[in-house]
Every structure is written in structure tokens, then in C-alpha cells.
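So the structure is just underneath, and the comments pick up after that.
Order as written gives the chain letters A, B, C and D; numbering starts at 1 within each chain.
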Amino acid sequence: MFNNNIWSFGNSAVNAPYGWSQNKRTGRREKSTNSEPTAKSEAPCEALKNIDSGVVLCDMSDGEIIDLLAEGKIMHYELEKLLGIENSDRAVKLRRMHFAANTPISAEAIEQLPHEHYDFSQVTGVCCENVIGYMPIPVGVAGPLLLDGKTFMVPMATVEGALVASTTRGFKALARSKSGQGVTSILLSDGMTRGPAVQMPNAKRAGALKQWIEDPVNFAKIEKEFNGTSRFARLQEIKIGVAGRKVFLRFKCKTGDAMGMNMISKATDKALKLLLVEFKDMELVSLSGNYCTDKKPSAMNWLEGRGKSVVCDAVIPSDVVKKVLKTNVDKLVALNINKNLVGSAMSGSVGGFNAHASNMVTAVFLATGQDAAQNVESSNCMTLMEKTADGDLYMSVTMPSIEVGTIGGGTHLHAQKACLSMLGVSGTQEKNPGANAQQLARIVAATVMAGELSLMSALAEDTLVSDHMKHNRAKTPAPPTL
Amino acid sequence: MFNNNIWSFGNSAVNAPYGWSQNKRTGRREKSTNSEPTAKSEAPCEALKNIDSGVVLCDMSDGEIIDLLAEGKIMHYELEKLLGIENSDRAVKLRRMHFAANTPISAEAIEQLPHEHYDFSQVTGVCCENVIGYMPIPVGVAGPLLLDGKTFMVPMATVEGALVASTTRGFKALARSKSGQGVTSILLSDGMTRGPAVQMPNAKRAGALKQWIEDPVNFAKIEKEFNGTSRFARLQEIKIGVAGRKVFLRFKCKTGDAMGMNMISKATDKALKLLLVEFKDMELVSLSGNYCTDKKPSAMNWLEGRGKSVVCDAVIPSDVVKKVLKTNVDKLVALNINKNLVGSAMSGSVGGFNAHASNMVTAVFLATGQDAAQNVESSNCMTLMEKTADGDLYMSVTMPSIEVGTIGGGTHLHAQKACLSMLGVSGTQEKNPGANAQQLARIVAATVMAGELSLMSALAEDTLVSDHMKHNRAKTPAPPTL
Amino acid sequence: MFNNNIWSFGNSAVNAPYGWSQNKRTGRREKSTNSEPTAKSEAPCEALKNIDSGVVLCDMSDGEIIDLLAEGKIMHYELEKLLGIENSDRAVKLRRMHFAANTPISAEAIEQLPHEHYDFSQVTGVCCENVIGYMPIPVGVAGPLLLDGKTFMVPMATVEGALVASTTRGFKALARSKSGQGVTSILLSDGMTRGPAVQMPNAKRAGALKQWIEDPVNFAKIEKEFNGTSRFARLQEIKIGVAGRKVFLRFKCKTGDAMGMNMISKATDKALKLLLVEFKDMELVSLSGNYCTDKKPSAMNWLEGRGKSVVCDAVIPSDVVKKVLKTNVDKLVALNINKNLVGSAMSGSVGGFNAHASNMVTAVFLATGQDAAQNVESSNCMTLMEKTADGDLYMSVTMPSIEVGTIGGGTHLHAQKACLSMLGVSGTQEKNPGANAQQLARIVAATVMAGELSLMSALAEDTLVSDHMKHNRAKTPAPPTL
Amino acid sequence: MFNNNIWSFGNSAVNAPYGWSQNKRTGRREKSTNSEPTAKSEAPCEALKNIDSGVVLCDMSDGEIIDLLAEGKIMHYELEKLLGIENSDRAVKLRRMHFAANTPISAEAIEQLPHEHYDFSQVTGVCCENVIGYMPIPVGVAGPLLLDGKTFMVPMATVEGALVASTTRGFKALARSKSGQGVTSILLSDGMTRGPAVQMPNAKRAGALKQWIEDPVNFAKIEKEFNGTSRFARLQEIKIGVAGRKVFLRFKCKTGDAMGMNMISKATDKALKLLLVEFKDMELVSLSGNYCTDKKPSAMNWLEGRGKSVVCDAVIPSDVVKKVLKTNVDKLVALNINKNLVGSAMSGSVGGFNAHASNMVTAVFLATGQDAAQNVESSNCMTLMEKTADGDLYMSVTMPSIEVGTIGGGTHLHAQKACLSMLGVSGTQEKNPGANAQQLARIVAATVMAGELSLMSALAEDTLVSDHMKHNRAKTPAPPTL
């Protein structure tokens, strides 16, 4: 079971609310045996000790409970606990009433936020707190995507008009690739990372720590502790950065079909405890020292990868470029150099050598229960285009840090799970753990590729350009063609 | 009205689907007078010409329509057009049936994705295509936030457990700041950017273009064209980058309460047309040359800002740090240096000098109809902490590129609009256009600040650390205190 | 005259040694009227107070002085002061003897370092301290360079074999450019920068400072103070960065023919004093807040420029590429994309989109008395190559931050001045101050261009490649040609 | 012996001039057996075939030779070859005469550039071409440096006034560190890198190449080829980056006491040849694909290291800070955070978290025959300062990519070798190859540390600050102390 001090992670957390914690693999809630020290007692009666003893909240009317909330005798964030998780829907309803009555939130506003027809007990203690409803994001389907010879229909949750249509156009062109298999994908690496910071008395000791870890005998000791925390966590490497007396340790491990931040946090915690025993003069600075790097731009993820590192490519025949994408190979190749390489270089970008990878990443992430805040690094992408000897378009996208899972996080929620199922990657395959998450990463990359191809085609054929061409091209003395 | 070649933008688009385009300011759909060249005719009868003439799709039974779809006589993406926008809900239902019957998507999977109780006519032609339902994201409320003396309850849409609770804890501490006004925010800059790339025959001409634009007389000409495209677009500056014969022009302008990408694309297009007249040897490379920079990491946005540049700060009394955050000022200050400055520097980050800004940005963005793909740069943030002479905690977050709007994009959808209303920033104020979007940006930054404060406190007090302290501290010879 | 607290700058300094300071424009030493507080008195007699009064060091024999040094009665760093600047050569000789006798430096080693035939009085109090001789760096001449229709022979000081020969080959090809004028250069910007950091009590006041400075009325006040410090310093702009309560101010100004760091430091100091009067709650953090950015890699200089921003380009006929460079246009263009754009992007480079700009920059800097430590940013360069419609090679180098001067620094030394004279850019032209330094910057960029062209040609034709081609090309199925 | 196509490297070269190549380890020239294809015949008689047969150039008078040069019958770059290497001094003299007579270089200018008293035969065919003299750079000595308990006097070649004096002040403070051993240094890594780019037909094959290399059996094959090229080259690792179908291979190896670029280029070339045999569809793009990364800013070197990775630290007692550095610990610590961490972060720096490391690096590099163009990455440095529990100053510098050698390059020249000898690190120790270069790297880092400490102290005590303090401090309400 998950213990509390790990609960504190996933780069976001604080106190385990309500005293429940979640088994991140199954998505099931479990009562915490190791009670949260700062949390109030979970017993409804005790929580209601200011009120007449013997009263059980469930038996009260809505109005009575709202009164208690207004008087501060109970707190709105305790509602799920006090009413019982099976009454989460009622807790949501009561919170809405309370907020409308006693906070700056107007009744009119809250009325427009849907909450019915949704099972909030799925959410309680796992995905969100202080819940008042849900935000519906339209889901469209882009497809069919032909990827490594298989066909997928890709759900995308977005409010960005034309994104699904544009991606579909890209898929259409990619499905006609020369290989007959559509997009080809390769997986270069698969490993989540966590980069704690520790501190030694001085640089010499920092160096000693580094040397100790790099000794295979010691690495094996760490590995044993680390891997012992989960049947999926498999330590791959520890990248060590030293800054004066501070040491940054980037643990990298396989995490099965989970995105893996919680799994690796727990495992890293265990490994650090071993180090603290071996190095009495070592101090932990932070379980995350921004050396991971999670949810922030960094060269680290661009150079080293994080999560799944995927490359997709395809050769698109020139006539498909013409008919489906309404442009030509030369224009695309030139535009890609000028915009995605030169333009991004001019902007001082590290990892942003693409047109709009983040759009596709975010839409698929939202549809499939991923952590959308991780699109910061998951959208790292280099789009490349070349003209083949036959005059066709060779295109690739290189994405070193796609962070996805098919279990854990938001993937257990009904609707999110439904979209994973549409792609055939829900949950985990007992025989081949990790395969579903890897397949999802390939789909994300292929979807990015389609979106890139379509937008680049639109940009290459801006009517402004074509109008200009008609009028001015002839007069211009031999401009460079690339 | 929006014309088609602008439709192609917002960094995502391609063809205006269905022949409708959207008035981005009002969120209302308008029939495009300038029909999309690649789109098929919009008349249902013509679209049905393969079928018996006289038949109107609306009159058919679901089964009959599914048959037409299966036979390829009509395409699923035409359903809204063929049935009429007022029948969007039926179109969604039919598409689900069609996908379940005729694609790899299983009926079981699609069944779990909700679609009822939602008005899809709001979405059609504006926010999403090939729609099959919606993705419900739980919405929790963090608060109360005391910001510049005013109180807000902040809706956050997220599946990340503990995020809302943690942010609330941060708000609690910030509300007790020394000023009595909670968090103080300042707005340093407000301007959306678009960075097209153009090409001259050689560097000399590229230099001439730069010089021409920098001449105030010419700048005024450009400004006139630019501002003429909208009553909100107000050109502020054009940053010019030259790379050989290529010229990158970063237009920056106020965009009222809209996030502004569409507005500025249209205005930039107009400005470029003027330049094409003045410079006959200029070629447009791309309306977006990645010099904007949209949805990609870049030093550009970090150094120059994009959207709203906001700084928030507060002095949190040491006893509040102790009681609410369960840690102390020295630990927080040291951790912030080691993790958010040194750690991020060690990872080669540009703009990622924070713990998890992206979490809060994404959750508020999703709740309020923002473009979540823009969190890549909107999450740029430097968190700083210092100890004051009185021993209290001085804390600030600096966020140079928060891209938000309260009109346009997904902000017109009922639920999203509801969350904007909860914050009192829905739509635009006639007397003070731009004020709502600016207020929203301040709220985003303050929410980030709360999340940063709470997570940093949790990290500073990792039980691992405290256990270690008890056992080892005494033996360690005078370690540096910072 | 230069006062002492400015002396402390140029990003290197500390105490003005010996009590002399230098008029940086003329390179002449001047006795400091504002004596260095930490320096000992300059009077030889007082310095010798431990010795018999009445003794003057000049009258002593070498052996006697060495004895005094060995006994610690005088310090070796005082020798120039005690003997008089006109006896600098003797001071150098004595220091060598002293070091050989009394430090780990062996007599054999020091013997091999030349010191004769050099006028060290030029150096004393200006360029170097504790002098024991000079380091001879071989100077070769690359050329002729045809630049904007004029011919130059470019001196390069280097120990890197083949660099001069390779650059000469590049010049040979460039001289045959289609324009008939060789390389064309343009100057996009000319301004040195200094970026102090100041601190306000909070963000609100930081914002107020920013707003105050941006008010044209106030800017004019600052400008007046700033420009009043020198007849060359002309304030162009102040870029303001805010991080919480800290404010970074990047002053940019013209500096005539000086590289300008000292000039701008002095002027910035004056401007800051004005601000300190206006803002009583402002604290100076540092006259240099690394926002300049001097001698460090940064996106700042890449995006904003520093010193001279120069672009050079040329069209090299395809037959010249063949005959002089022994390669062809297609290979060069492809190599440039793969190495200088993709390769540098893969390495996470900001500003390093070139093959070896630093080689040429450093060699010309060393030959012309520039500050070689500034090659860190002066070498920022993007090399671009394209094939023209006629099949020729269009090439450009874009260098935004070349920091050079023709007065001040090491430019007054005989040999360094000689090399400046060879280029016709020694000193300043009264009628056109700044023109010499700008011309030098253009020459640096053109020399970089030649070096880039030649090395890229060598790389494109690696025999490894050609051998491989012969054996494998035919068998490979239609590879992309780019 | 070195063959020609390797000669072409060191990131600078082209054709081996004169037909000689250099044994980089010994610095001795050797006649190339593999004659340069593009070079003219080396035989003086043949070169003089336009002239009367039988004439030998050596027998001619200066005037006669100048005439031949003026008439173009012989070329100035052939002089050393035609006259014989032993007459290099005469060749230099003749070239000066020729340039003064026949090029834009004036006689007056060339006259001021020294050339006498120098043995140019050392330079010919090794270090420089088209030689006309040498550039004398003043050499000062900073010291004594107490490093790991040993004392060094550090020669620095510079024209930057106060640099040597300032560094000496830093050394003075560091010598009084608490450990009694002065500065402590640790070496984290030692390995030069070369990052060629190759190209496969598609991403799948790129992935196959990566996988093949990562197989230990195959790695051993590569290692054998690689190591076989030199008795020092010892392959450590190959970091593999994939971008679409392009593969970047960063070979890292020990290079004994050589800086190692030539050694590793030769070894990499051999390894690539093996790969070309194994992968018939592989194409070499470039022996250097900018993935090395040499002489360019990059996150690669900052994160991965290049050459020697060194950390230095020391605890400086607070009274030493006061007496020697004239400031206090709190000011230094605060300044370091604000300038070297926050300021550099605000400038978008990767690797430039220091005040002026490049100054010290460049001066020591120039004094010891290093490649000064490599200071771009060798100056990567993070300076950290903390206050210890005892109130003293803990300081460190972290420099991951110091590229130095004590053999090869310019280290064999008399004066440069002399400076290496002063440090006790000239040449190589047979028993411990690599130790000298490592020691030099430690000295470079310690010298940087001293320069950092001294300049930071000067900045912390700017009189501007102190004046301001006197007048304003009292009135300011409790500002943050850090």
C-alpha cells in the first residue's frame, strides 16, 4: 500500500485528504493504515463533536448541513469523509449549495457547471478535492491512423477548432505512405526519472558519493532496494550531477504501464534511505531537485529523454502531398528548415523544433487521462522533412520525452478509460507489462506527426504567399530556391 | 468577419470545416461568405446526390443514415452539416453508432464516453470536429484566495490528486500575509505576439527591411493597417530578428480580453501585405516563423514576455509558515535556492525555475476554457524566496508569459463560461476591455504561487529528511546553513 | 579621468594596482587623483621605510633588491612602483630572478619565457600585473579578403595549425562571389550593454521603478546623466527585467570606437545614482547583474545582440565551389542543415549554429588586442547555406554580438596596434567615431564566414564519405537527397 | 603517423599545408607519406619551373625572391617549403617584405609587429601558416595558489588590467581556507568527445544502429578498432542521439595528457569505418555533427561534461573575508544568488552561472599553449556560495568541461612549454599518463575560483552601495536580508 510520505508526491501534493489513499496501480482507494498526522480524525462523530452527540450527518437534511457549513461547524472539504465516500455525489451537491450561498461564487455561475450523471465516488480521495462538478471537454476522433500497419481511431479532447479535422487530414496523407504500413514508429527508450538533490559537507565527499554509486557492487545494492518497492520498477541508471557539495541523482527506471512518477518516487525514497545509511554526512535536500525534470522546460529531457522516447517517420509520395495536402514537397522542405529549425533557433528554443506538437499531445493526453501538465516536456519534438531521390517527402518527428501511462492517475475514470479502450491500450497486459503505455506513446507521436504535416501544408500554401508569387515571382532575379 | 486564410491559423488549423467559421470574439458561428475552396458544397441535397434526389437526411431513420455512412455515400464528418447544426446532438449520436459499427472503436468503449446532457451545437464548427462526446474533468475549488485585497474561489479542473487541497493550503498561508491584502500582483506587460518569417534576396535587403520598419513614419503606416483589422488590436512593437536573408518579425499587440492569437494573426497578415507592396522582392515564408513563440519552449518568451507578464509577491509571517505550512523559513529559503535555482540550472532549464507551476496553470486553464496546449510557455515561472530582516518569508513568482482570454476560444462554452463567472471575469467589460483577461492572469499567477508554497513546504519537511536529521545532524561538523 | 570605483570593473578588476589608472580611450596612464583606499602609499621612500632611510631602490644592485624581496621587505608587485614606470623592464627582470630563486618556478622554466626586446612600460598599470615576460603567439595572414568591394589582409594570432590556410581558402572562394564585391556585410546594431541588478522592497515597487524608467520624461533624465559621462556614450535603450522584487536593467549605448565596457560601466554607475535619489527604497545589488551578459553564454545576447550585430553574405558560383572548395553545392547545403542546424539543436545549443566560428574570432581578437575572454559571446553565429535557382551557393553568417574596439584595452600595445593598422582600423576617426570598430566587426564576421566555408567543404568531402559512396551508393534504395 | 584526412580536423583545418604533418604527441613534424592531393609538388625545383632551371631559391637574394613573389612566379605561402623549414625565419622576413610591398599592409604597420628572436621553424607546418611574426601577450604571475596542499605560481597571459592582481587577491584568501590545504579539487570525469553524424535510410534503421552499438559484444568490437589507433585513446562510452533517420554518436575517451581532439578524431574515424562495414546503408554525414560539442555553447557539455570535469571548494574564514576581501559573508552569499543564479537565469544562460570565469580560463589557456577558442565551453562554470554554521564562507566552482592538454597543440612551443614547466605539468609522465593534464585542469578551476571570489568581493562592496547604505538603510522598513 502507498504510504503517506509518498502520497505527498507526484510533484503536487501535500496532505492525503480524507485519510484515504489510492492504490495507484489499480486506481482503487484504500483506507490508510498509516494515518496522516495533520489530518483530523476521520470518524464522523468525532468531527461533529461540536454538535449534539449522536447526530450522524447522513441523516440530516441538506438545509441543516448547509447551516453547519455556514457556521463553520463542519468544513466543506470534509463532506465526503463525513457523509461517506458512497455519498460523494451528495457531497458535491452540498458544496455547490454552500459555495453559492456563502462565497463569492454566484448561484448562477455554479448552476452552469454540470455535476449530474457523474459518479464522483470515483474521484474522491484520488483525483480531485473540493469537487463541485466536472468540466466537459469536447472529444472528437481523428483517424483513421495507420501506424506500423495497424489502424487506430484517435480520440482528442480539445476546444481548439479545426485541430481534429487538420490531424485527420494529416492521417489521410500518412496512411498513403510508400511503405504501405502508414507511419513507422520506433521506441528508443522507456524510463521514468526522478532527480533528488542531496548535500554533502564538501565537494570531496560529493565526489566520494558519486564514485560509490558508480561502483557496480554498490549500484547493485541500490538497485535491490529500489526494485524491491514494486514489481514493475526496474532501475536502469543513475545519472549523477555534482554542483559544489550538492549532488543531483537522476534515477531512471521502467515503470510498466504506469506513467510512473509515484512508483519512482517511492523507489527513489527507498534508495535514498540506503545512501543515508552509507553516508552519515549526507543530507537530503529534496526528493525532487528539479533534475528529473518534471513539468518544466529543460535541456535534460531533450538530451536524456524521459518516459518514452519515440521516433516516427514515413515517406509520403509527392502526388499525395499534392492531392491531399494541396502543396508540394519543395515548399514543405523549405518551410520546415526556415520555421522549425532556423526560426526556433532564432528564438532560443531547446526542444521546440516543431510547429505545434503541444496541440496534439495535449488533446490526446486529455482524452486518455494523462497528466496534461506534463505536456511541457512531453511536447518536446523535432520535425524534419527531406526530399527523397524520387522526389517524395521523407518526414519524421522525434519526441524524446513522452510521459504516458495506461494505469494510474486519471486513467481509471470511466470516460478516460473508455478512450484508452478505443485505442486498445486500457490497463496493463499481464504477459507484457509496459506494452500498452508504449503503444500509447507511439500513437501520441504519430498523431503529432499528422498535425505537423497538416499545419505545415497550410502554412506553406498561405494565400498571401501564392498571391504574392503570382505578382512578383517573375520579376525577382533568381532567388535561392530553398 | 473572419476570412478563410486566417481561419487557417491559431497554430492548428487547416480547412474551415463545414463551411462555418467562428466570430472569435463573440463565439458565435457565422456562415462563411468566402467559401473554403477545398470544402465540398454545403448543400445537403448536393451532398446527397449519390442518393435519391429529394431525400433530406433529417427525415431518415438512424439505421438508414448508418447504412449510408457504412457504404461511404456520406461521410461522418459531414453529419452536422447535412443534418443542420441544430441537430448536432443527433450527429454525435449517429457518429458514435457508426464508429462502433464500422471502425476499430468498440461499442463497449464508446458507451463509456458520455455525450448526453450536453449541447453540441455550441461546439460544431467552433471548437471540435468529428465529435463523439465529451471528456468530463473533475472540477475542484481552491480557495479562498486573497489577492490584492479581493477574495476569489478558484476552480481547477484536474485529475491530479491533492492538487486542489495543496493549493488551498497555500492560499491559506498567503491570505495571512503581512500586508493584510493577501497576495500582491503587478502586471508588467500585456501583449500577444505573432512572429512571421519573410525572406529577402540577400542580407542587404534584409537590413533594408529592418531599417524601413524601424523608421517611425513607416511604423505608423504598418500600425494603421494592423490596428484597422480589429477594434482591440493595438500594435505595440515589432521585434526584428535577421538570419542571413531571412527576417523574423515579432509583432506584439494588445488584444483586449481575447487571448488574441486569431486577432493578431489577422492583423499581422494585413501588415505583411503592406510590406509585400513596399518590398517587391520580399517573400513570405510563413505567417508563423516560430519567432512568436507559440506552444514551444523558448528563451524568447522568457526574456520578452508573451500575453500577460505578471509578478506576485507576499510576506508570510514566520508563525504562519510554522502553523499552516508545518515548516520554517530557513528550510524553505534553502530549498528554493537548491531546487528551483541550482537544480534547474543543472538541468539546463530556461524559464523553469519553479517546482510545479504547470500543474496550477493547467488546472485553471482547463477550468476556464483556455488553450491548455499553451501551458508550455504560460508555465514559465521563477519562484523566489528570501528571509526578511524580521525573520519572515518573502516570496514571489515571476511569470512573463501567461496567455489567457475571457472571450474567444473555449470560453463561450457553458461550463467554461461558468468558471470564468465564478471568478467574475467572464466576457469583456465594455468600459475597460482587457481588464478581465488581466485579472484572470493575476489569478493564475497567484494560484501558482500558492501551489509552489505548499509543495515546497511538503518537500522541505519530507519525513526522510526529518528522520535523518534526528539521527545524523549532531554528528555532522558544522555544515553550511544555507 | 577614470575614477577608482569604475576601475574596479570591466568584469575583472579589484584594486587599481600601483595607484595608476588608465585613460581607456588613449591608452595612456594617468596618476590617479582619487587614490585607491586599500593601496599602500606610492612613495618609494615610504615603501622602503623598513630599510635604511635615504635609500632609493633604483640605486641598488639587482642582488640587493633580490635580497629585499627574499626577506619580504619589499613585495614583488611593488617593483614597478618602486623603480618607476620607466624602469618596468628592470622590474620584470628582477621579478624573474626573484621567482626563480624564491618560488616553485624554476630558473630553467622562466628562462624559456621571453622578456627582452619588449617595452613593458606600455603594460604597467594598464594591461597586466606581476609581469615576467610575454607570450609570443604566431601571427599568420589570411587573405586577401574582398569585403564590400575593399581588400583586406587579415592577421590571425593562433597556434592552431591549418587555421590560417583554411581561412585563406575560404577568402579565395568568397572573393569570386557573384556580386564582384566579395562578401557583403551589414551592420544591424551597435551598442555595448551593462546590466546591473537592483532590489526594491517588493514587486509593486519593482513595477513602479520599471514604469518610471519607461516614462520618456524620466528616460530623458537618465539619458542626460548617462551621456554626460563621456563624449561617446549615447544611451539607446534600457531593457528591464523584473524577478520578484529584483530589477535587472540592461543599459545599451554606443561607445564610439571603444569596445566600451569601461565607458558604459561608468555611465551606468551615474545613471544608477540618479535612480537611487529618485527611489530611496532602492538598493544596488551589483553593477553587473549578469544581465549584460558579459563573457558567459546566454540567450540574452543571442536574441538582443551586444556590441556589433553583423550579417555577411555572398553567392558563390557553383564552379568556384567545385574548383576552389573541391565539393559541390548540394553537399554543402545538406551538411549545413544536418550539422549546424539539426546537430546543434540536438546538443541544446543557443547561439552555436556554426562549425567553428570561435576559431576565427579568437585568432583575430588576439591579433588585434581585443579581449579574448569575450569570444564566448562574440562567437555566437548562425551559418546558413542555400542553393540558388541558378544552382549556386548562397551563404550567410549572422553574428549578433561581436564585441570589439580599436581604442582602449590591449589595442594601444605596439604589436596589437600594428595589426589594427594593417586593417586600416587603428584608433578612432575624428570625423566618424565608431567607424573603425564597426569595420573591424565586419572583418571578424567575414573571416568567420571564410573559415566556415572552408571547414564545411572539408567535412563534406571527408574521404571516408567518398570511399563509402563509391562502394555503397548504388546499392542503397533511393535515399533522401537532402 | 598522422594521415591527411585526420589532419583535416581539430575543427578547423583543411589541407595539410606544405606536405608536412605533425606528430601531435611529440610536437615533431613528420613528412607526410600520404601526400596531400590538392597541394602542389613540394620539390623546390618543380615549383620553380617557370624560372630558369637549376636555380635554387635559397641561393637567391631577398630582392630576387621578392620579385618572384610580386610576379606571382612563386606564392608567399610556399616560402617555407621552397626555402626549407630550417629557413623559416627568412621566409617570415621575406613574407613581411612582400606584404609591405604588394598588399594593403603598410610597411609601417608590419614594422611594429615583432618577428625577431623567435624560432619560426617550431611553427612551420604545425601551428600557423603565412606567418609574419608573433603577437606578444604580457604574462603576469598570480599566486601563490595553495591547491590540495601544494603551491603553484600561475602564469596568465592577458591584456586585461587588474586581472592578475585580482586573482592574486583571491588566491591570498583561499590560501587561508579552514582546511589548511587551500583549495580542494576533485576530478569528476576525464574524457574528450567527438560527435559525428551519420544517416540511415529511415528511423527504423537508425534505431537498429543504436541497438547494435548498445550491445556489449558490438561495443567491444568498436572499442577494439577505436583504441587501436593510439596507445592513449581509451573509449569510455558512446552517447547516441537519434533525430529521425539521422544518428549522432558522441564518442568519449581518455586521451592521456593531450587535449585529444586529433586523437579522438582519428579513433572515431576508425570506429565509423567499422560501422560502415556493418551497416551498408549507413552514410557518413560529418565526422563532426556538432554533437561533440566543440567551441560552441551547448547544454550537451554542461550536462555531460567534456574534457576534464572539475569541482573546487574551500571554506574561507569570516575574518579572512573581512581582512583580505574587504567585505562580509552575508553580502557575498546574497550577491552570488542574485547575480550568478537569478541574474544568469533571467538572461537565459545555460552554463554561465558565474561572474567572469572566462577571464581566468582564457589567460591561463593563452599562457600554457591551450586552444583559446575552446574557452567557449571550458568557461562553463557554476559558482556557489553559502554561509556555514560557523559564519564562514563556503565556496565552490563547478566546471564540467575544461579542455586542456600538456602535449600537442601549442604546448610544444618554447614559451608555452615554459609556462607549463612553471606549473610542473609540461609533457607527459610515463608512469602516469594523463596526470599532468588533469593537474592543469585543477589549476585552471582553482584560478577561476580565485578570480570569482575577488571580483564578487569588489562588486559586493561597490562604493555606490556603501554610500547608499549610509544614507538610506535606516529609513528602509525591514527589507529582506538575503
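In the analysis below, a contact is a pair of C-beta atoms (placed from the backbone, for glycine too) under 8 Å apart; a residue touches a chain by one contact, two chains touch by 3 or more.
Note that the structure is predicted; figures quoted are calculated from it, not measured.
Q: Decide which interface, A-C or B-C, involves more C-beta pairs in contact, and give its chain pair.
A: Top pair by contacting C-beta pairs is B-C.
Q: Please name the chain that ends up farthest from subunit C once chain centres are defined by their CA atoms averaged.
A: Max centre-to-centre separation from subunit C belongs to A.
Q: Where the centres are mean C-alpha positions, what is the separation of subunit A from subunit C, in Å?
A: Those two chain centres are 45 Å apart.
Q: Between subunit C and subunit D, what is the gap in Å from one C-alpha centre to the other?
A: 17
Q: Give the residues of subunit D touching no fewer than two other chains, as numbers and ranges.
A: Subunit D, residues with two or more chain partners: 241, 243, 245-246, 299-300, 302-303, 342, 344-348, 350-351, 382, 384, 394, 479-480.
Q: Spell out the part of subunit B that touches subunit C in their complex, as residue ranges.
A: Those residues of subunit B that touch subunit C are 184-188, 202-204, 206-207, 210, 241-246, 299-300, 302-304, 311-313, 315, 348, 350, 382, 384, 394, 396-398.
Q: Any idea which subunit A residues touch subunit C in the complex?
A: Those in contact with subunit C are residues 299, 302-303, 333, 337, 341-342, 344-348, 350-351, 353, 382, 384, 386-390, 394, 478-482.
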